[in-house]
Amino acid sequence: MSTDTELTPGRSSLPASQPVIEFRHAGYKLPNGRVLLRDLNLVVQRGETLVLLGRSGAGKSTALKLINRMLEPTDGAVLVDGRSTLEGDPIELRRRIGYVIQEVGLFPHFTVEQNISLVPRLEHWPEERIRARVAELLQLVGLSEAEFLHRYPHQLSGGQRQRVGVARALAADPPMLLMDEPFGALDPLTRAEVQAEFQDLQRRLNKTIVIVTHHVGEALLLGTRIGVIDEGALVGLHTPKDFMEATEPVTAAYIANLRMLEKLEGPG
Amino acid sequence: MMRGAGLRLAVLACVVLAWVIALGSCGTVRHDEIVVGSKNFSEQALLGEIVAQQLEARTHREVTRRFYLAGSYICQQALLAGRVDLYVEYTGTALTAILHDPLEADPAAVYERVRSEYQRRFGLDVLSSLGFNNTFAIVVRGEDARRLHLKTISDAAPFAREWRAGFGYEFMERPDGFKGLAQTYGLSFAETPRILDLGLLYRALLEKQVDIVAGNSTDGLLAARDLTMLVDDKHYFPPYEAVPVVRTDALARFPEMRAALLELAGKINDEEMRRMNYEVDGEHRDIADVAREFLRAKGLE
Amino acid sequence: MNLLEYFARHHREILQATLEHVWLVGIAMLLAVAVGVPLGVLVARRPWLSKPILGGANIAETIPSLALFGFLLPVPWLGDRADRLAIAALALYALLPIIRNTAAGITGVDSAIRNAARGMGMTERQILLQVELPLSFSTILAGIRVATVLTVGIATIAAAIGAGGLGEFIFRGLAMVNNQLILAGAIPAALLALIADFLLGVCERRWQPARS
C-alpha cells in the first residue's frame, strides 16, 4: 500500500484562500442529550479536498451532514458560501452540493441514465443538455455509455454502482462534493482501483470536496488536508506530510497503525 | 424514469377514468323492459305475477320478475334505485314502515296520505287498490262461531276469559298488535297467549290447542277450513289495502302501463285472494298458472 | 331445467345483477384507495399516527358486515339509499388492508435510497411521488388486491339491505328454496372475486421492483 506522502502533481498545497465551508463552534446534540459533535471550528478552502478521519461514531459523518443541512447544528453555525445553512431553502442548498454515501442509494427502478440525470431533471434542464451531460459523466467515471446507459442498478457490480453514484453526484456540476465513506463497501482491490480513478477525477475537476473515512491510507491518498475527529472534537488538522509527523495521540495511533501494516506487507 | 413514472401514472389515470365511466353507465336500468318486484311470501309473488302478466298482455313489453325480495325496505330501495319499476305494497305497511307515520284506521285517509306522501317524498306513484284488505284476522273455529253466535270481535270479548289465545311473535310485539287489541276490546284471557309459529297457528286452532288466533285476512286456509274470521267492528286494525307502487319515469316510458294497472283496480276481493293463496300454499299449484286463470276469469287475458 | 339452461334463460338478469355488483365494488374501491393510500402515506411519515389510524380501520374491519350496515342505517343521507350505505360500508372495510400495505410499502423502502434522495435535494413531495410510491407500488397493489376480493364477497351481503347485486339472487333463492337462483348469484360472485384476484395479481407481479 502506498504511503507516499509527497504531494502528487496537480494537487495544490496552498488552496486559494476562499472559505467555501466554515464550521464556527458547531455542535450537534441528540434529543436524548448525547453529544455527537462539540465546538467544531474548521474552514474548508475552495478547491481543496478535506478528509475527516476518525473511528466509527467519532462524529465525522455528523459533521458532514451539517454541511448540506441533513442535520441542523444545535450549537454554533455552519456556513456555506458565507451563509448559514439554516438560512434559505435546504432544497436549493442541497442541489448545489453533490452527495455520495457508502451504500450509494441508487434508485432501483431507475436506469443508470435516469439515476445520473436526477438533479438535472429536477432542475428542468433541456433534454439535449441532459443527454450530453450523462454521456460526459459516464466517460468521466470510466463506464461505457453503450453498455451501461440503460442498465438497472441490480445489474451492476459494486464498483460500477459506486461510479454511477459519483456520476450522479456530479451531474449538475455542483461546486462542492460531500462523500460519506464512499468506498467503504468495496473490496480492497476494487477500492484501490476506484481510489486511483478518483484521484484522476480530482485533478480534472476543480471542486471543493469533503470526504469522511476511517481509512487512514485513503485519507493520505486523497486529502489535501486531513482533519482527525475523535469523540466529537477535532483533535488535529494536517496536510498529509505533516500528518506523518504529528504528535497528537489519536493521530499518532493512526500513524502507528499505518506503519504496522506497512511492516506486514513489506517494502514497496 | 421520470418519464416512465409519468407514463405509468397517465395509463393508470386513463384506466381509472374508463372504469368510472363504465360504472356510471351500470347504474341505469335498460329502457326497453319493465321490472316487477315482490316481497318474499306467496301472496306477494301471486300479485306480482298477476301484475306482470297483465302488463305483458296490455303493453306487449318484456317484463322481468324480481320476486322474493326480503321485505318492504328492500323493495322500497330497489324502487328508488330503479332496479325495480313497481311492486304491490300494503297501505298500512307503507304508512308505518316506510313513511314512519302514526297509524290510522280510516282506509280512505290512509290511502290518501300514502299516495300524497309517496309522491312528495319519493316521487313515486301509488295507484288504485286492487280491491282487498290484507289486515290482521282474528279467527275462531266455525263451530264455536255458530254455537255462540259470534260475528264480531266485540261478540267474542265476553268469552275471552274461558279461552286460550295463540299469536305470532310479531303480532305480540307490534304497536298495532295484541296490546292495542286487548285494550280496545277489553279482552282478557285466562293465561298469557301462546306464541306460535305463523304456519302452525291454524293447525293449533283446529286441533283445539288454542281457541282464538290472529292470522292474516287473506290466508289461504281461511277459505278451505271451517274457520270464521271475526269482524273488526271497532276498526282497531289499520287498513292494508294492496296498491301498486310505481316509478313515475316508468309510467312515462311506458304510457300503456297506467291504464293496464288501473284495469286491475278493485278486481280482487278478500275471498278471491284467499282462494288463490290456498291454491298456492295448500294445493301447491304453480303461481303462474293460478295468476293466468285469475286474469282469464276476469276477462282480462 | 339444468343449471346451464337456467343461466342461458336468465342471462340478462344475471348480467344486470353482476353489473350492479361491479358498480358497488368499483365505487367502494375507488373511495377506499383515494382515502386509504394518503392515510397510509401519513402513517408512514408519522409513525405515532399508526395506532389511531390503523386502530380505527381495524375496528371497522372487526364489526360484522351486516352489523356495520345496520349501524349506518340511521345516518342521514347515507342511510336513505341502500346503495350509498353499502358503498360507504364496503369502503370502510377495504381501508385496513390498503392503509396497512401502503404504510408498510413506504417504510420498507431502503433508508439509503431515501437518504440519497434527500441529500441530493429532492423535496418530500418529489421523494414520495418519484421514489417511495413507485417502489412500493407492488406492495400497495397487493393490499388493493386483498381489499377488492374482500369487497366482492361482502357486497353479496349488501343485498340483504336492499343494495342489489348478486347477493340478491342468493337471498331470493333462499326464500324460494330455489337452488338455481342461489347459484345464479353465488357462481358469478365467486367468479368475479377470482377474476379480480387474478388480474390484480398479474399487475402486482408486473410492477415488482427490480432487485437492488
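List of remarks:
For clarity, chains are labelled A, B and C in written order, and residue numbers in each chain start from 1.
One rule holds for everything that comes next: contacts are C-beta pairs under 8 Å (C-beta built on N, C-alpha and C of every residue); 3 or more make two chains touch, one makes a residue touch a chain.
As the structure is a prediction and not an experimental result, all values here were calculated from the model.
Centroid distances from subunit B, each centroid being the mean of CA atoms, peak for A. Chain centres defined as mean CA positions place C nearest to the mean of all protein CA atoms. Taking the mean of the C-alpha atoms as each chain's centre, subunit A and subunit B sit 84 Å apart.
Measuring from the averaged C-alpha position of subunit B to that of subunit C gives a distance of 37 Å.
Work out the mean CA point of subunit A and of subunit C, and you get 48 Å between them.
Shown for subunit C are the residues in touch with two or more other chains, namely 134. Within subunit A, residues 107, 109 each touch two or more of the remaining chains.
Annotation for subunit B: residues touching 2 or more other chains are 1-2.
Remark: subunit C residues 12-13, 16, 19-20, 22-23, 26-27, 30, 81-83, 129-130, 134, 159-164, 168, 171-172, 175-176 touch subunit B in the complex.
Against subunit C, in their complex, subunit A makes its touches with residues 68, 70, 91-95, 97, 99, 101, 103-109, 118-119, 122, 152-154, 165, 168-169, 178. Against subunit A, in their complex, subunit C makes its touches with residues 110, 112-123, 126, 131, 134-135, 209-212. Chain contact summary for the complex, subunit B toward subunit C: residues 1-2, 5, 8, 16, 19-20, 23, 26-27, 29-30, 40, 64, 66-70, 73-78, 80-81, 83.
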